[in-house]
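Next come two complexes, and both contain subunit A; in the first it sits with subunit B, in the second with subunit C.
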Partner chain A sequence: MNTISRKLRNMTAIAAVAAIAAPSFAAADVTVGVLVPLTGELGEFGAIVAGGVEVAVNEINAAGGTSCGMLRTVIADTGGSAEKGIREATKMIETEGAVAILGPTSGVMVALVDLAKRRQTPIISPYAGTITLDELGGDYVYRTVGSDLGDGAAAGLWLTEKGYKSVAMLVQNEESTISPAQVARAALEEANVEITDYVIYNPGQPSYQAELVAVLANNPDVIYLAGGQESGVTVMKEAAVGGFEGEWLLTADLAVPQIFEAVDPRILNGRAYVQLAEPDNSLPAYQTFAAKMMMETGAAPGPFAANSYDMAMLVALALEGSEGCNGEAINSAIRDVTVDGEMVSDFAAARDLIAGGTNIDFEGASGPLTMDESGTPAGSFLIMRAEDGAWVSEKFYPATVFE
Partner chain B sequence: MTVFFQLVLTGLVTGSFLILATIGFSFTRRVEGFLNIAHPELLGVSAFTTWGLNVIWGWHIIPSAMVGIVFTAFVGLIIGRVVYDPIRALGPAILLITSVGVHYVLGGSVDAIVGTGIRSLDIPLAESYRFWGVRITNYQMIVVVFAALATVGLALFLNKTPMGLAIRAMSANPELAASRGIDVKSTSRITWLISSGLAGLAGVMLAVIATLSTDIAFNQILQILAVAILAGLGSLYAVVAAGLIIGVAMDVSVFWIPAGYRPLVAFSVVILVLMFRPEGLAGKKSR
Partner chain C sequence: MTIYAIIIATLTFGAIFSVLTLSLNLQYARGGMINFGTVAYFAAGAYAYAIFTQEPPSGLDQYRFGFDMPWYVGFLAAGVASLLFALVTGWPTLRLRGEYLALTTFAFAEVFHSLLLNERRIGNGSVGLANVERPDPTTLGMSDTVGYALAAVVLMLVTAFVFNRLLKSPFGRTIDAVHDDEIAAQAVGKDDARIRLQVFIISAIPIGFAGALYAMITTLVAPAMFTAEVTFFVWIALVLAGEKTIVGAILGAMALVLFQELVKGVPFETVRGAQIAASVEEIVTGILFILVLRLRPWEKLSKRNAS
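Entry: the complex of A and B
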C-alpha cells in the first residue's frame, strides 16, 4: 500500500526537476536515466544528485557533446522504493532508450543489479555505500562513492580517536544504515571500546522511547545514530528529554542544515558530530566544479553533488573511450578512463586526449575515481561538528587512511 | 526492573496514541460499514495543517491545532459526501478500493503542498517528570489525556444524545432506522465529521510527539489495522483495550527481543487473540 501511495506524490517533484533538466533535451542523441528519490525524506538528496548530473550534462553538451551525440537526461522518482526503482528503470531502458542509469540509493541499486546485467545497462550511484555492492558490483554496477566499509571505518576511527569509553549504537533498519554500523561496531570492538547497546529500530514511528529506554539507562558517552531524518530528529529530541547529556555521532542523512530547524540547537551545538563521504575540497577539480555549480544554480554543492557530477562525466568519457554508443560500450570502457593514463579533470580536454589515442586517468570533482574490483573508488570522509546552528568541518580523512 | 516499568509506561503512551489513531477508523467501519484505508492520511492532513499554521503563519499551537482538527473534519466530510455517498450502494468492497484511491489523492496532495524533508512544530522541547523512578513527558501525558477524553466523549455522545442514538440505530440497521424517521444523510454527515475530527486530533498528537515527513501518517496504517482487528471490527470500546494491549506488548517486548521486531509483536498478539476469540475482543455483539 505504501508503494502504491507514492505514485501521485511523485508528480510535483518530478515536474520540478524536469524543469531544471529541460535545457538538456535539445538535440539529444544519447539518453541517460536519472533515477533518484525526489519524494520522501531523502527527496532533498535526490534533487541534489539530479542537479549535479545536470551541471555535468550541460558542460558536456556545451563542449560539443560526445562522439555519440549530445546527452539528454530523463528523470524519475523512486521515492526510496526498490520496487518503484525497478519499474522506472525498466521504463527508462525500454521506452526512453537510456544507455545508463544514474543515481539510485543503496536499496534500489541492489535491486537493480540483475536488471543492469540482463539489459547490459550500467547503473552508477553517487551515494550507495552498501557493502552488499562490494560483492555484487564491478560489472554494469558502479559507484562514485566509497563503500560503507570506509564509512563505517571512518566512524569507528573517529569514535576511537575521540577517546570515548562507551558507545551506544542506534541503527535504522535499512540496508544503507546497517552496513556502516556493522563496520563501525567491528572497529570499536577491536579498539576495546564498550558498546553499551546495539539497537536496530524501524523508522516511521511516532516515538522511539521504547528503543531509548535501555540506551539511556546505560548512560553512554556517545550515541552513534545511523538513521534517517525523520527518525533521527525524534530520537535526538527524546534522548535529550530523557536526560542524555553525552555526545552524538550522526550519519550522512542528518548532515543537512534543516536539522537545526527541527532540533533545538542546544541539543546539537558542541555535542553533535556528523560523518559523511566528502570529496577533498582542496582539489582543483572540486573547486572548478563548485564554481560551475554556484554559477548555474546559485548554490554551493550539496552532499554528493560532486559524486553525481562525476557519474555523468564517467558515462560521457566511457562513450568516448569505446567503440559503441550503448550500455555495453560504456561498461567496457568505464574503468579504462580512470586508471593508468594522463591525469585530466576537464571533459573537453579528456575527450581530445582520448581522440588522440592517449590513455586518461580522469580525476573527478569528488577525487580519484580509480575503481576496485567492485566498481568502487576509494572514499574520503569528513567529520563535521555542530556549531552555532550549522555544520562546520572538524576532521577530514583522505582515502589513503583506509587503504 | 525500572527499565521494565519504564517500557510499560511507554507502552501505555504508545497504546493511547494508537487508540486516538484507530477510534475514528473503527467508528467509520461501524457506521459506514467499510474499512477506510484513507483514514491515516487524514492524520497527515491535520498534522501538516497544524504545522503550516504554527510554523509558517506563526500561530500559537492551540489555535493551530484547533483549526487543523476542524479543517480535517470538514475535509473528511467533503470526501464522504463527494466520493463515498454516491457509491455506498455498491457495497463495502468497492468503498474500500475507492478509499485506496482517496488515500492516493490525499497523500499526493500533501506531498505536492508540503514538499520533501522533515517538519517539526514550533513548540518547546518536552519536559520530563519522574514518578516512582519512571519518566513521562508533558507531551506524552497530553496524548494519554486526549485519548481518554476522546473515548469518553464519544461514548457519551453515542449513548446520551439523540444524534448519537440515531447513529447507533443507523449502524445497526440503516433501512429500519430510515423507516423510523432517522435522517440517514445528516447522520452520515455527522459520522464523517466525528471520525475525521478524531483523525484530526490524532494528527495533532502525531505532530506534537513525532517528526513529520509526508509518509509518517500512512506508516501507521498497519498498527491501526492491528488494533481495529484485535478490537473486533466495528467495536468502539474494545479499541481502547486493543490499543493498550498492542502498545504495551510492542514496547515491553523490547525488554526481551530486538526492537526491530516490534511490528511483528503487534501482529503476533492479534493472531494469538484471534485464534481463541475470532470475533475479536468485542465479541459478537458490536457496541
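Entry: the complex of A and C
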C-alpha cells in the first residue's frame, strides 16, 4: 500500500513538473522558428540574426500582422550542431507549429534540407553561403545571402585591384571557408598574383605556429585569412609575434566588432581588411532598416542583420501572397513576391498591393531578393578596413559586378 | 504535445546513445577494457551507411565512392565497417591495459576523425555527405518521428537482449573470469587476448548499426558530428546510472537526453531568454553530474531492493 501511494506521489510530482515545463502558447496565429547558434564559435552571429528577425516581426505586427494573424517567434540555440538543429527544428514544427524555420548556419541548414521537404516547412538562412546548397536549395530551402562562390570572387577581385604582388592564403578546414578560398585562389592565379602559400589548417589548436612558419618565411604582401573567431584571433596574434608586417584580408566570421577586444588594435588598424556579404548601405530600404534597428536595439546593424530582417519579411509577404497559412503556402509564393512586380520595400505597402491584386517585387534591406534556381539571391559584398578600433567601409561591390 | 515531443526525442536519441553505452558497458564493466574511442566506431558505421547509399559523386562533390544501394545494404555495411574498424584497432591495442588502452583508443579515434576531416575523397572532408538516403516510415502508416523512435528502441532492445544472453552464456562467464583474474583464466586454458578481442569486436557491431540509424535521422554525416564529445557523453551516461547493469546503461543515456530535452522543452520568445537557457544547460548538467556521483542513488536503490 505504501509503495502504491509512493508511486502515486511520484507520478503526481512528475505531472506537476511536466505541467510547469509545458509552454503556454501566446495568442499569436503564425509561429516562426528562429534556429541560430547562440553558443559556440558563431554565437555572436546567432544573436545578431535573431535580433534582425525580431525587428522585422515587431514591424510586421505593428502594421497589423499578416492576413494569417500576428507573427510569433520561438528561438532556440543549435550551438552549430546538426543534431541539435534537427531536434530543435522538429520540436518547433511539431510542438510549436512553426510554419518556417529561420536562421540555421551552413551545416545545420544542409542537415535540415530533408526535414524541410518532408514537413513542407521552408527553411531560410541569412548567412549559409555553403556551395552544397547551390545543389540542394530551391524548394523549401532558401537563402537571403549569396553563395560562397560570390564571396570568393569578391575577395579575389579586391586583392587583385589593390595591387598586391604576393598573397598567402590561410584557410580553416571548413566547407564555408574552403569553397570561397578556392574561388579567390583561382581569381588570383588568373590575375597572375603570386600565391606564396595555400595552407588549410584545422581549428581548435592552441597554436598555429607550424602553419605560420612557412607563410611568414615567404613574406607575403597580404595574408588572406579565412578562419573562425577562435582560430583567427590566435593566428593574427602569433603572426604579429612572428614579425609579420604585411596586411590582412579577413573573412566574414571575423567581421564582428569584438575582434578589436580580442586582438590588439595595433595589429589591425590600417592593416586589416574584412570582406563580407553586405547590402548596399545607400539603399533607402537599408537606411530605413538601420534606423529601426538603432531605435529598437540602440546599436547599428551587425553582419547579416539586414539579411535576417529580410527572411522574416519574405515569410510574411509569402503568407500574404498565397492562399494558405502554412509552410506549403509560403513555399508556393516566396519567389513570386520578389520578381516581376511593382518594386516595394515596406511591409505594409507590399501587403496592400498584394491585397489589391498587384504583383510585387520586394526589395529587402539587404538588396534585391530575386532568387535563382537554388533559392539564392545574387549577393553584394563589402570590404571594410580597420580604423581606430572599428570597421569602416572601404569598397562596395554590388551584385551586378559578379553577374 | 510538448511532453509527446520530448518523449519521442528522448526515445530516439536516448535509444541510439543507449546502444553505445550498452557496448561500452560490455567492454568496460565486464571486459575491463577502457575504450575512449567509442565515437570512431559510431562514425565508421555512419560513414559506411552514407557511402553505400549515396549516389555517385557529381558536380561539386569531392568524395570518390557512392554506391547508391538500398538502405538495408548500407545498414549491414555499417555493422561490418564498425566490426572491421574494431578488428584493426583492437588487435594492436588490446595488449595494453588501463589508462594505456584508454589513451590508445582515444588516439585511434582522433586519427580517424582527422582522416575524415582531411581526406576529402572519403566523405567530402569537413562538408560531409548531405541528404543521406533513408527509408520512409510513412509507407508503414506511421509518422516519421515515431518510425525512427521505434527503430532506435528496437535496436536498443535487440542489443540489450543479445548482450544479456551473451553475458549469461558460458562465453559470458569466460569474460568475467578473464576480467576478474587473467592469470587464473589462462591457467585453465583460456586465451585472454583472443577473448578480449572478441568482446571488443562483438560490442562494436551494434555501435555501427547505431551510427547508420543516426545518419538516417540526421541525413548528414560530417566530421563535426563525430567528436570526442560523443565519447564523453556516453561515458558520463554509463557512470551516471551505475556500471555493470544493462538497465543502468540504458537509463543513464535516456536520463541525459531527457534532461537536455527538458531544458530545451521550454520555448523562448526572446533572444536573451534563449541565450541564458543555452548557457545554463551545461552548468546545470555539470552540477547534476556531481550530485549524482556524490549521492550515488543507484546504490541506495539496490540496497533497498536487497532488504
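Heads up, the rule we're going with is that the second predicted complex is superposed on the first by the 377 of 403 C-alpha atoms of A that agree within 3 Å, B and C clash if a C-alpha of one lies under 4 Å from a C-alpha of the other, contacts with A are read in each partner's own complex, and residues count from 1 in each chain.
Please note the rule applied: a residue touches a chain if its C-beta (ideal position, glycine included) is under 8 Å from a C-beta of that chain, and two chains touch if they have at least 3 such contacts.
Note that the coordinates shown come from a computational prediction; the quantities given were computed from them, not determined experimentally.
Enquirer: Just subunit B (first), just subunit C (second), both, or neither: which does A:173 touch?
Expert: In the superposition, A:173 contacts both subunit B and subunit C.
Enquirer: Please work out whether A:62 is in contact with subunit B alone, subunit C alone, both, or neither, and reply first, second, both or neither.
Expert: Neither subunit B nor subunit C is touched by A:62.
Enquirer: Touch test for A:39: subunit B only (first), subunit C only (second), both, or neither?
Expert: After superposing on A, A:39 lies in contact with both subunit B and subunit C.
Enquirer: Going by the contact rule set out at the top, does A:241 touch subunit B (first), subunit C (second), both, or neither?
Expert: first
Enquirer: Kindly classify A:191 by the partners it touches after superposition: subunit B alone (first), subunit C alone (second), both, or neither?
Expert: neither
Enquirer: For A:300 in the superposed arrangement: first (subunit B), second (subunit C), both or neither?
Expert: neither
Enquirer: After the superposition on A, what does A:343 contact: first (subunit B), second (subunit C), both or neither?
Expert: A:343 contacts neither subunit B nor subunit C.
Enquirer: Does subunit B (first) or subunit C (second) touch A:136, or do both, or does neither?
Expert: A:136 sits against subunit C, while subunit B stays out of touch.
Enquirer: For A:207, decide between first (touching subunit B), second (touching subunit C), both and neither.
Expert: In the superposition, A:207 touches subunit B alone.
Enquirer: Need the overlap of the two footprints on subunit A, from subunit B and from subunit C, as residue ranges.
Expert: After superposing on chain A, subunit A residues 38-39, 47, 173, 200, 202 contact both subunit B and subunit C.
Enquirer: Could you please specify the touching residues of subunit A with respect to subunit B in the complex?
Expert: Within the complex, subunit A contacts subunit B at residues 1-2, 4-13, 38-44, 46-47, 173, 199-202, 204-207, 209-211, 213-214, 217, 229-231, 233-234, 237-238, 240-243, 256, 258, 261-264, 267.
Enquirer: Residue numbers of subunit B touching subunit A in their complex, please.
Expert: The contact residues of subunit B facing subunit A are 2-3, 6-7, 10-11, 13-14, 17, 37, 100, 103-105, 107-112, 115-120, 125-128, 135, 137, 140, 205-206, 209-216, 218-221, 250-251, 254, 258-260, 262-263.
Enquirer: Note which residues of subunit A are touching subunit C in the complex, please.
Expert: Contacts found on subunit A: 18, 21-23, 26, 38-39, 47, 50-51, 54, 72-77, 79-83, 86-88, 90-91, 94-96, 107, 110-111, 113-115, 118, 130-132, 134-136, 173-175, 178-179, 200, 202.
Enquirer: Which residues of subunit C touch subunit A in the complex?
Expert: So the residues of subunit C in touch with subunit A come to 1-5, 9, 13, 59-60, 114, 117-118, 124-128, 130-132, 134, 144-145, 214, 217-220, 222, 224-225, 261-262, 264-271, 273-275, 277-279.
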